[in-house]
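Chains here go by letter, A, B, C, D and E, matching the order in which they are written, and residues are numbered from 1 within each.
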Amino acid sequence: MTPLQDGLSFEHVSQRVERLPLAADRRPHVTIRGLSKRFDNTVIYDKFDLDIPRGELISIFGPNGCGKSTLINIIAGLIPADAGQVLFDGMLLKEIKFGYVFQNYREALFPWLTALDNICYPLKMMKVPNDERRARTEKLVARLGIKLNLGLFPYQMSGGQQQLVSIMRALVVEPEILFLDEPFSALDYEMTLFMREQLQRLFMESGTTMVLVSHDLEEAVYLADRVLLLSRYPARVADFTPVAAPRPRGLSTLSEPEFVRTKAHCLNVFQREVRRS
Amino acid sequence: MTPLQDGLSFEHVSQRVERLPLAADRRPHVTIRGLSKRFDNTVIYDKFDLDIPRGELISIFGPNGCGKSTLINIIAGLIPADAGQVLFDGMLLKEIKFGYVFQNYREALFPWLTALDNICYPLKMMKVPNDERRARTEKLVARLGIKLNLGLFPYQMSGGQQQLVSIMRALVVEPEILFLDEPFSALDYEMTLFMREQLQRLFMESGTTMVLVSHDLEEAVYLADRVLLLSRYPARVADFTPVAAPRPRGLSTLSEPEFVRTKAHCLNVFQREVRRS
Amino acid sequence: ADQVKVGVFPVSSALPFFVAVERGYFAEQGIEPVPTRMASSTLIIQSFLSGDLEAAPTIVTTEAFNVNLITKNTILYLSINGQNDQNRQEIFVVRKGLDVSSIRDLKGKATKIMSASGPANVTFAKAVLKANGLEEGKDYTMTDLPVNLHVSAMTAGTFDAGYTLEPAGTMLKASGGAVELEGGVVATHILGRKDAMAFAAGGAITTKFATERPDVARRYAIAWRKAIETIDRDPSAREALKVNTSVPPDLVMKVGVPKFTMADQVTAQNIADFQKYMDFATTQGIVRGQVDVTKYLVTLDK
Amino acid sequence: MKLRRILRAARPFLGVIALLGAWWGLAASQLFDPVLLPSPWKALLALIDGFANQNLLYDFEVTIWRTTASLAIGCLIAIPLGIILGSNEDIYRSLEFVVDFFRSTPTSAMFPLFLVLFGVGDKTKIAVAAFGASLVILFNVAYGVMNSRKTRVLAARVMGASKVRVLFDVYAWESLPQIFVGMRNGVSVSLVIVIVAEMFIGSSDGLGRRLIDSQMSFDMPSMYATIFAAGALGYSLNWIFLSIEKKFVHWGGK
Amino acid sequence: MKLRRILRAARPFLGVIALLGAWWGLAASQLFDPVLLPSPWKALLALIDGFANQNLLYDFEVTIWRTTASLAIGCLIAIPLGIILGSNEDIYRSLEFVVDFFRSTPTSAMFPLFLVLFGVGDKTKIAVAAFGASLVILFNVAYGVMNSRKTRVLAARVMGASKVRVLFDVYAWESLPQIFVGMRNGVSVSLVIVIVAEMFIGSSDGLGRRLIDSQMSFDMPSMYATIFAAGALGYSLNWIFLSIEKKFVHWGGK
């Protein structure tokens, strides 16, 4: 009944742990150690370790039901782990500003608020004054150049429009860590491409640590500094491939041999993992 | 409060109307004439006409919020139109077996039934005896070769798994008209490709009339006999392009010049339409 | 045996019924009473009208006459219960420590007064106070309260004085929750004589019962008479109150019981008192019409 | 189209007509002594007479005032408490006994206690009705909160809402339909208790007083007239809440 | 961990303890005459004595029987009717007046009518309690149905479910949490009405009879003992429904 509460019993301790060797010389922003999680009799994670480097964009790619959403929910402290620790480089869980686009964006919007108020809501939580809230939201809308009637309530919007609102709500706070759980799944062709670019721009400008779950391999690789490939549950890190292509990436990146090779490698690993079980 | 009831006031009349000239010499399965629909002050459809030919797979491609979901909801009699007629080639609306994968698949599943019972439900509505229900469901599962614990309740499943269950529920009845509203949006890479093939196979075997909404242009063109391109609302038919490629289509189809040309054409029309407003 | 459906409001004025049952007078007459406990005589009258009940040990006269004015199935009294200072039912009590010796003294000292509930009780309480020079609104405010709450309310000191009914009055005295001021106040102050009798209730049957099953009704009346005679003769008859009512066992001998009088034994004075009582009720609007009290007094067993 | 709209507007009256029709039918069937069940016309006459000659309007006002006061107190206490209770299972389980206990105890049995606590007069009646109303409201609000959708709570948490903010920003809204159920239950309960209190713990005014008086003097037309007035009052109060709800809870079921 | 589990299991008793503590505190404070508010121990003694010597158990059983019977009747009538009402706005609006009307009318005012209809004896008490319970259940069920999620209804319709099937296959399930709210309300209401009827219509057994007798004879410990017994009975009945609900409505809030 109160998962939140129980969630707090799980240790999000504010202490440093030894770092795994990382390609880039950055301190990990999120460190996961010995994470175990089961639902009923299904073991989703068993002594799972992971480092998410600060200021990088990690794509998570894995089969349905392997535990991607579960993982970011645990990191964000929304569901309790059975064992293990999630550490935030000296910060407490509750000190961190998260942005989160839920896979299940429809249910995560507040139907009693208009789209605009939904977007403003996280700012309100940060005690930003009302005027500034509006101003920042309008700035974001203007920057994204999205034509959307923000006076509508979520249930008056199409699926894609709701997802857009959900993305905007996550971006407006300029979070420290941004989780995007299949954020573009309901967007139309143009909008998907456009939002990809926007996300990349935002990432480059702000250096926010981002975790993106996507089932679109091209998208996952295109946006990522590293692609985390997960196996079927119990989830293991099948591979954690760096993507070398320089930013800003563009249409041409997609056809660079290095990029194509990385994509092929990921697909290989993924297919091997999926077919194994 | 009772949209269903009101829905019935809208005329789903069982009479023939003059056919528009169609490329293939088939009688239209669904005929839409003079459809108008507005929400508050937003006109979504204004005197909209469309023929959906029998036994064809129509892909609908259009920007977010243009009215794709609204259109199939109106055809299926789920929401009332303000004006206009939807005709089913001499059949009454309620005589028709629909299959429908809702865009919002999470909410459309029954959380009080297990995945298996959810899939069996439409069979129950057709008064199929219990044994046969199980048998048919198991046959479907076997044919799709999906590894899924069907004893779980929907809320115990990941997004993709729920969507799979939703697709299976629509397929199990062998419907006359199958609506698929972004049916693969939450499926993983492999599963998407796999389900595309399954859908194509099913289409070829059964000749069911299908209406697919997809934001993946390649997918939309690959599966379609015709691609319906819609403009922003008020939605107009921007184009209704036939896709000539013979079936079964496969990986090689994707690189055939004719296919590539059709795709490029669709993209052109789409972008022109999107950018216009 | 013939069954008779009796509605029992379990208070001390229902004593003849309990006596007749316990001493076997009904059985002697071949009558098997089927008692239904009811919480007020109002509801018993309801059931008279709907035909579910045929007789009752105690029915409030003002209520009965109201109904008699509008129905054919009238309520007939086999006996009526006289109340006065000797045969107490209604009593004025005062809060402990209130220095008064008569109702007249309440003026200026008792502002919050309670009364037993129901239009009749409230009207009589007010009339008694008025007869003693107290005016409502100016000298006191009146609250009516079900009798079952009287002991609590007086003990808690919520009221300065109260017009209460037995057994609450005796219990208040016994528990020290209040001090008795004066009993039989209706006779004394409304009818004007200390030895007058206020006939506020009586043992009743319905006309339907009397006409449709005259023989059963006759034998019922015989047993009834025998019970009343026993009560007159034998004080221990009161023991019957112990299990049948909520009167605490140790108070059974102290509690006020009205004077039960069979219809053929009422005196001319009784009739005059009764008529005066009822006329007063009519002028106060409690009874909605003029009634001749003798019309509803019946003797079936002679 | 126009006919339909008229029919729509007429729906609430169908209920009134059905009720009066059933009443009239029962009365006309002569199954019951007409003294006990007078025809609706007689009651209507009594009602009109009550308004014209007997201060029924005043009694009406008094009862409305008491009901409103106790409902207001009940809401003020029960809504915040219900949200807190519903959002914290430990507190809920701990207090469940007390809530269910008092919900299942007849108010009339509690009169002596309330008399002791609040004395006689308006205060007791309002207190006892507020008590009864707050119990049902509390119960409903807590239930609504417990059954609210968890995704929205999680979303608020991840956006940095504190536990207290989540109470007001999510739980309160999520449970709003149920809060209205509670308030509509509460308004009926407090009306009922006020009338019962007026009937049984003395009062010189109010519909309950009128009810018991007419009951005891066998003025059945007047009794039914008063019951009808009380019921119509209850319907009106419910209707007010329903209208507010319709304006407020636009997202219900979506 | 173990301590936590013990604490968890102990939570319902915290409520009992708090209640008894408050009572004891009030009694010990001497604010009220100890005769009016006896200490819990005296009431406990009276309770034990009641069970041992005075057939309290029998009265208990009688009241439980009446409550259960009336609840069962109430559920049988109100749940199907509520689903139908909730799913059809026209019917709902038409009958709303009747439902709200009777919900807002004190049952004690209806006693005369029920006496006329059902005669004296158990039948009246059960009927009047069933009536009261079915009104709250009806109200809650209809509300639950009206606020159920429309997508699921649409899904069922498109799969070919007839209107009647949708009632049972979707609306009934969707409103199940609210049906349980209704039943828990209903069980308390029917218990209350049974006791009130035993008190005010009169009865030769049952907790209500015991209550009015102890009030009449000013046996306060016994009165509070009976109230406590009634409240505990109400809690237990509620608890049974809660347990059933927990088993049944596993998807609540998801």
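Remarks
The rule is simple: a residue touches a chain if its C-beta (ideal position, glycine included) is under 8 Å from a C-beta of that chain, and two chains touch if they have at least 3 such contacts.
These figures come from a predicted structure and were not determined experimentally.
Any chain bridging chain C and chain E, meaning touching each of them, is among D; the list is complete. Number of steps on the shortest path from chain A to chain C, with steps defined by chain touch: 2. Farthest chain from chain A (centres taken as the mean of C-alpha atoms): C.
The centroid of the Cα atoms in chain D and the matching centroid in chain E are 16 Å apart. For the pair chain B and chain E, the distance between C-alpha centroids works out to 49 Å.
One inter-chain figure worth recording: chain C and chain D are separated by 37 Å, centre to centre, where each centre is the mean of the chain's CA atoms. Multi-chain contact residues of chain B (touching two or more other chains): 104, 107. Multi-chain contact residues of chain C, defined as those touching 2 or more other chains: 46, 49-50, 149, 152, 156. Those residues of chain D in touch with two or more other chains are numbered 32-33, 36, 112, 116, 146, 149-150, 200, 215, 254.
Applying the touch criterion to all chain pairs gives A-B, A-D, B-E, C-D, C-E, D-E.
Considering their complex, residues 87-89, 146, 149-161, 163, 165-166, 169-170, 173, 176, 250-251, 254 of chain D touch chain A. Interface of chain A with chain D (complex): residues 1-5, 73, 76-78, 97-98, 100, 102, 104, 107-112, 121-122, 125-126, 153, 155, 169, 173. Within the complex, the chain E residues that touch chain C are 32-33, 35-36, 111-112, 115-116, 119-121, 199-204, 209, 212-220.
Listed in rising order, the residues of chain E touching chain D in the complex are 8, 11-16, 18-19, 32, 36-37, 90, 93-98, 100-110, 112-113, 116-117, 136, 139-140, 143, 146-150, 177-178, 181, 184-185, 187-188, 191-192, 195-196, 199-200, 208, 211, 215, 223, 226-227, 230-235, 237-239, 252-254. Listing the residues of chain B that touch chain A in their complex gives 39-40, 42, 61-65, 68-69, 103-104, 106-107, 147-149, 156-161, 164, 182, 185-192, 215-217, 267, 270-271, 274, 277.
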